[in-house]
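One chain, chain A, links the two complexes that follow: it is found with chain B in the first and with chain C in the second.
The block that comes next holds the complex of A and B.
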């Protein structure tokens, strides 16, 4: 029941993911961050088997960092996406990773971009995309309300519409979501949408 | 040649022309859908087995103000046979870190021992104790490299390092989760209920131990694969300490003592005159 979706706006890209860590009928955790900050201007939202998700995204993150250390300049979003797809493709017929990835990034020359990479290593550059059962609801919402060059406020409104639709219509809908944004200032967490809060750690 | 008469086999043949209103409700036999499967009796068992967590045990751990509380039952079952009521499911990795066992006993014991070795080597190489984050990542990476090969491990790594109390859930599918409350095993849904409703961050050690003990007791009450003895450990800034080990059968009667039934009428001796 994992939901990851993303879209591109005017000068930024958003990636939204649910934050539930689930094992059959048990929810182990409802604040698990599934959108990794790959480097200063890249976000990678991933869904799939828990071990694969963490290990594969960390592997990509470390290789992206290694390229920057070796060559002095960071990878472009397109290059990182193609590298990720290549790794998935090489492993596909030996030891496949079950991870679906949405890679969002901002490049100074080309602006914001979003790449859809699924578990069988297909790669598409898109304006909006979604994975998981939530995609049945969020894709239609985005198709209806999305237009090019949305502002951050308009995009967050659309994201909230999608989250509400998922919560209303998906039978085992995840309660909490995290929204991350990447623009020319960099990649960062934008907001959480929580309907269930875990017990606070510090005493009140 | 006479054609064989199959009209008697047709269900509605006899009642079709019947104008009688009383019998019209009985014109078609009540139908119910049978499941689209070959095995009518056993098909449901497969779906229940799919949902049921496979590891026959109950373990739990949670972080609170005074450190980490770790508790587990002690039953080992092989299908319907209870093979042991005295299994040590809390493994002492080093004096500051504990691991819990759920899944394959051999897998858990071996890999925890192996993790203890790696932690000691880290200490010797870096002249400082390994963090809970580091230890759990070492274990998770090892288990991930064996994924798909049939290891069955559902463990929690609990410890106190420089950053304070730490708790991680690591399993044989390669998953690793950082959290404040976890329960693993077939009895975990029952334990979660009691644990979640009674949890406060600022409990004392005694209150936390009682909560852990109660949660495991309730899980052993409902789950057939959990039972035996509840072990409760506390991990504080100076390392772990075993707090108690109580038989769940005895715990039951402390929580729910047998009420003496009210006697309505006593039989008295009849005096012989």
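The block that comes next holds the complex of A and C.
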């Protein structure tokens, strides 16, 4: 029931993910961050098996950092996406990762971009994409309302429409979502959309 | 569902008078869901050699990367481009290497050989070559494509007529297949030029 979706706007890209950590019928926590900030200008939203998700995204994050240390310049989004696909493809016939990835980034020369990377390492550059059961609703909403070069406000309105649709129509809909944005200024958290707040830890 | 039908594809290549045409659909799907409508299935190896890869998208991408690598090495060593017949043997060998854990792809190779004589061939996922003098097909819509091509093909067509024929054959076949479609991508190659056209068909 994990929902991850993303879209490209005018000079920015957004990745939205639900924040439930679920084990069978039990919700461990409702504020699990599934959108990793790879480097200053890249976001990686991931969905799939929790162990693989954390392990694989951290592995990619550290390798992206290593490249920057070794070469003095950061990877482009396309390069990072192809690297990620390569890692998934190599592991596919040995020890496959069950992680679906949406990689969003901003490059000075080419602007914002979003890459769809399947768990079986199919790579495609897209304007909008979604994974999980929520994709049936969010993709349809985006097909209807998305257009090229949306402003941040329009895009957030669309994201909210998608979240409302998921909450209304998906049977075990995740209550909370995190929205992260990447643009010229960098990759950062934009907002949370919470309908259930985890109880704060009380001092013992 | 068969692994070959996971992403959906349609490919066809036809021989004309001193020219050939190769065409594909543009859908990238994950079983019933459409992810993208601009997926590239036909790749240029060199100016007179094209390969289309149908079947599982991840394996098509991996296989394409390996083939480009091998061809670039060949170009460095031999200081010339590979002949289509040679390339077809290379693809066949690479596929058979994975005989007991194959790439789930069916390639369609089309090129202009010695004396600009058109060459087309297809092979199955383990490299069994199928040479033909008229047309070859691959993908989820292959059965419809066989019928359409057999009905519409005539030998020694000029490039314009060949383009019309291959386009009509492709569009009418993918309209009967739910897993392929969303337009067409046609390359018509003569000894002097390569024409690339996008077709708009039923977008569903």
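Rule of thumb we're sticking to: the second predicted complex is superposed on the first by the 200 of 204 C-alpha atoms of A that agree within 3 Å, B and C clash if a C-alpha of one lies under 4 Å from a C-alpha of the other, contacts with A are read in each partner's own complex, and residues count from 1 in each chain.
By our rule, a contact is a pair of C-beta atoms (placed from the backbone, for glycine too) under 8 Å apart; a residue touches a chain by one contact, two chains touch by 3 or more.
Not measured: the values here are computed from a predicted model.
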item	value
Combined model on chain A: chain C and chain B, fit or clash	fit
Touching partner for A:135 - first (chain B), second (chain C), both, neither	second
Partner chain in contact with A:92 - chain B first, chain C second, else both or neither	second
Superposed model, angle subtended at chain A by chain C and chain B (C-alpha, nearest 10 degrees)	120
Of chain C and chain B, partner touching more chain A residues	B
Partner chain in contact with A:24 - chain B first, chain C second, else both or neither	first
Touching partner for A:32 - first (chain B), second (chain C), both, neither	first
Chain B versus chain C as contact partner of A:55, first or second or both or neither	first
Touching partner for A:123 - first (chain B), second (chain C), both, neither	second
Partner chain(s) touched by A:165 [first = chain B, second = chain C, both, neither]	neither
Smallest separation of CA atoms, chain C relative to chain B, angstrom	20
On chain A, the residue positions that both chain B and chain C contact, one per complex	none
Contact set on chain B toward chain A in their complex	50-53, 63, 65, 140-141, 143-144, 147, 169, 171, 173-177, 179-182, 188-189, 192, 199-202
Residue numbers on chain A that touch chain C, as the complex places them	85, 89, 92-93, 116, 118, 120-124, 126, 129, 135-136, 139
Complex contact set, residues of chain A against chain B	21, 23-26, 28-29, 32, 49-52, 54-55, 198-203
Chain C to chain A touching residues, read off their complex	7, 28, 30, 33, 35-36, 39, 56-58, 61-62, 101
